[in-house]
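Notes follow the structure.
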Amino acid sequence: MAKLDSKIPKGSLSKKWTNHKSKINLVSPANKRLIDVIVVGTGLAGASASATLAELGYNVKTFCFQDSPRRAHSIAAQGGINAAKNYQGDGDSTFRLFYDTIKGGDYRSRESNVYRLAEVSTNIIDQCVAQGVPFARDYGGLLDNRSFGGVLVSRTFYAKGQTGQQLLLGAYSAMNRQIGRGKIKMYNRHEMMDLVLIDGKARGIITRNLVNGEIERYSAHAVVIASGGYGNVFFLSTNAMGSNVSASWKIHKRGAHFANPCFTQIHPTCIPVSGEHQSKLTLMSESLRNDGRIWVPKKLEDVKAIRAGKLKATDVVEEDRDYYLERRYPAFGNLVPRDVASRAAKERCDAGFGVNKTGEAVYLDFAAAINRYGKEQAHVKGLDENDATLVKKLGQEVVRAKYGNLFQMYEKIVDQDPYETPMMIYPAVHYTMGGVWVDYNLMTSIPGCYAIGEANFSDHGANRLGASALMQGLADGYFVLPYTIGDYLSDDIRTGPISTDSPEFEAAEKEVKDQMKAFVNNNGKHSVDYYHKKLGKIMWDKCGMSRNEKGLKEAISEIKTLREDFYKNVKVPGGSEEFNEQLAKAGRVADFLELGELFAKDALERTESCGGHFREESQTPEGEAMRDDKNFTFVSAWEYKGEPSNAKLHKEELKFKEIEVKTRSYK
Amino acid sequence: MITTTIARKLAMALSGLFLILFLGQHFTINMTSVFSEKTFNFLSHFMGNNLVVQFILQPLLILGVVFHFVMGFVLEIKNTRSRSVKYQSYKGSANASWVSRNMIISGIVVLSFLGLHFYDFWVPEINYKYIEFLPQDPDRYYGELVHKFHSPFRVAIYALSFVFLSLHLFHGFSSSFQSMGLNNKYTRGIKLFTVAFSLVIPAGFIFIAIFHHQNG
Amino acid sequence: MNLKLKIWRQANAEAKGKTITYSISDISPDMSFLEMMDMHNEQLIQQGEDPVAFDHDCREGICGMCSMFINGEAHGPDRLVTTCQLHMRKFKDGDTITIEPFRANAFPVIKDLAVDRSAFDRIQQAGGFVSVNTSGNTQDANAIPIDKHDADKAFDAATCIGCGACVASCKNASAMLFVSAKVSQYALLPQGKVEATDRVLNMVNQMDEEGFGNCTNTGACEVECPKGISLENIARMNRAYLTASLKG
């Protein structure tokens, strides 16, 4: 495979995107009609890309494994979407958003891409409002903003705790319009099984119809992968049950480099694991940290009493509480970035201060906020500010208006009333910054194959800031890919329709069919989930919030052994030509078992700590992460060479011209 | 126009409200029989011989009744066919009132009652006026009324039918406003009025029947 | 907890289905309903039987994919939750739980408890959008202030997750709550008003073509809706439809 060429346009940072857009090749409207594009995935990136591509005139074929494009997991994003609108007049700007994102990503993202993201962020809000997305508004009828972790301005637009849902439904509606016009052909309940290359170019995909098990062929002049992240390699994560790496992994195996696989975001505020039966974890929005204070008891005997059920959290007096984030990071307090907050929680729990039975939970307490808001309300209403019951009632009303749906969700799951007693939270796998390597045009190292949204690696470096995932998904889909793809497709205007009868399609289809047959005929003894859980445990214990050389080496060999056992002993009931969820899962877990190993290898190779990647060997005396800019200011792009551990590393050097690389400090 | 769901809904609502209007008028006239035989005879005679009432309002009313029940059946059939495989366990009571779910039952009872009622009053009346052309007698109505409520059996059937009418009204009245697109700050008021109306009117009718049975 | 499960089993759309009774033990009250189903499936796999097919994805109550009819109610006995948010503490030791697919002719069964809800997609494709180009070259987002109450109401309508509980609960299998939620969201916002007439006519026509039943205002949909979408939306749609019809 050729040397990495990130194709960053020349010129000053702020002009790059504008200049690039006006110089790249275009496809005329008449010729667009002759060109097919495949989009895999219908989250924010896939849905918005499909809609815009169809609107530009391409024939789009879109695929999703769910029963409707509206169910893609972007729907579950809660908090909000960033945009440098500066509606609050608090000093925000494109540059500041760019700067915050680079800094938040611990200087491991590509300057030019991030700047472009910040630049188009404002268009997203305009676009969504025009589409009828009901963002939160103030009494003057204008858009409201809130604040998120790691930044000092209010630039997050939101729709209660359901921003992702509203944005996705907006993109889905834009898609529906094009489906109605016949410009998008939608394939629900179809899973991409492989990428087909003809003469080295991406020319189609093989899919499995999940309803009847049929293996089908689809051709196109370009293929866009928008299949999301791979957090489910950990088994337990905040991802949806069906979220998987397969589409990304298949193109990796066909020649696309996989970048920074070890960069995973562990979100600090999730509902803790309750038992062995747990199938997934639930996020509590970062917005809660605007008002919630995080603490554990100072004294170990209090911890013991709490775990034994002899002491209630509310009975621990103020002096005996350790508000460890406020203590360690006075400037940002409870609103430090996610990686910092997660590690701090782990540090306390590892020291024995975890407050639930498993010892893996800390408190997120709203009592102070309830009291503060209550007093404020009492004052506004001219009532007695010293009446504790009244203040509490008024304060609870304010908190209910702000976070009601999240509190209700917590109560349904945990069966405790968070208005009365502090929430218990613990970090959980949430997002993967790593992904398929792409150039400035979002093209992977396979010509004609693109990756957008969480599936690619480009914008968040080693840690993503809150409310930036939605921004990136929509930026890629609405405003970047549909234009950059024209540059490539301009060579294809005379290609004509691509036949699916070629030997390449034949061979790819056969491979898929053989794999399916092998699974259903395997007659092993363990279910697919058995292996997925085992893999998840290895990943969490050895490639989780903190990593070390010994653990990573063990992980690599354990995953390899587990994978071999999987192929020998996995049991998939039913046949391959029918609705068979276990079979679909088997294919996905097979890919996770390979990715997991590459993940560990990448983490082993990167001996520095940066963002979500914490190597115990590289920390300051106070236990803060320590970057090694001299040796690691690069993107690790892995080329597939058979076994994951044989993957070949390519380095894309990161150059920071506009900003100074500093130690990230939130103190 | 009456092919789509919403148009049919509106048609049910409008015909229903029209029948409710008639019901109110019928009730008012009947109630006079309790207080004054004379007023009752006067009003009955007017209604029975006024040309507008006889040849415009009466056919309209019959049309309204026929339309309301035919449409009711059409909807019921379509609705039943929308779920051809039934649930084995369906807890309708958990989320909707019995009356709202069983308008067809209360409707059929009221319809059967209408049959009896036509047989009791309307058929003899038509026979009297338009078939046998018997002489005008402006004072005959009260006597006929009292005579009909002589049998306790008939009074019981009337009373039972009015209970079902009450159930039918209980859902139908306020629901027709929802069908017409009215669901706002007045909805509470409409609902309260519905409760009052669907209790008072049928109860009043029952009272009239029992009153004449006792005093007849 | 030990439970009896009466589950609808149907091999595919054409097959004739039937209810099969299973026993399951050692259920923790902290489990979610779907985790109980996972455990049950794990046992079936170990016994060499076909696991029960059911739709699910996000497991946090927002994607709208899970769709069971549990003990006679869509998403089970709890209120304002989807099946994935239902927890076993809502049941008692020794209970018998009947689990059926959402039933409506417009939602044909695919397998066991999984149904095909693409009728909902087709209704949305008929008009559930604002016809604006996705170029980003629109006016500034704050160019049109929107009354906060309208914006909030539009949001409430827009929270519909398209799960189909309204259809499943309605004794007539009517889709009015679903369709009216989308119609309302746009009817309440200035951006949606421009094509309001065509939207409501097209969406209602498509709804009828899909074979959903008629609304008889029983209100079951509102009670069973996991997002608490209000009946007010249906009234608003009725109004919009009548106005649109008169306009022609």
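First chain written, first letter: the chains are A, B and C, and each begins at residue 1.
As a working rule, a residue touches a chain if its C-beta (ideal position, glycine included) is under 8 Å from a C-beta of that chain, and two chains touch if they have at least 3 such contacts.
The structure presented is a predicted model; accordingly, all values stated were derived computationally and were not measured.
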Chain-level touch network, classified as line, ring, star, complete or other: line
Closest chain to global C-alpha mean, per-chain Cα centroids: C
Averaged-CA centre spacing for the pair chain C and chain B, given as whole angstrom: 37
Distance between the centres, which are taken as Cα means, of chain C and chain A, whole angstrom: 26
Cα-centroid distance, chain A relative to chain B, in whole angstrom: 62
In chain A, residues with contacts to at least two other chains: none
Contact footprint of chain C on chain A as seen in their complex: 48, 51-52, 55, 66-73, 75-76, 85, 87, 120, 123-143, 159-160, 162, 165-166, 169, 172-174, 176-177, 179-180, 186, 188, 211-212, 238, 240-242, 274-275, 277-280, 282-283, 408-409, 412-413, 415, 478-479, 527, 529, 571, 573-574, 578-579, 581-582
Complex contact set, residues of chain C against chain B: 6, 8, 19, 69, 71-73, 77, 98, 100, 103-106, 169, 171-174, 176, 204-205, 207-208, 211-220, 223-224, 231-232, 234-242, 245
List of chain C residues in touch with chain A within their complex: 11-12, 28, 30-32, 34-35, 38-39, 42, 44-46, 48-51, 53, 55-65, 78, 80-81, 85, 87, 89, 110-111, 114, 116-118, 120-121, 124-136, 138-142, 145-148, 151, 154-155, 158-159, 161-162, 185-186, 189, 191-192
List of chain B residues in touch with chain C within their complex: 1, 3-10, 75, 78-79, 81-92, 94-97, 100-101, 103, 171, 175, 178-184
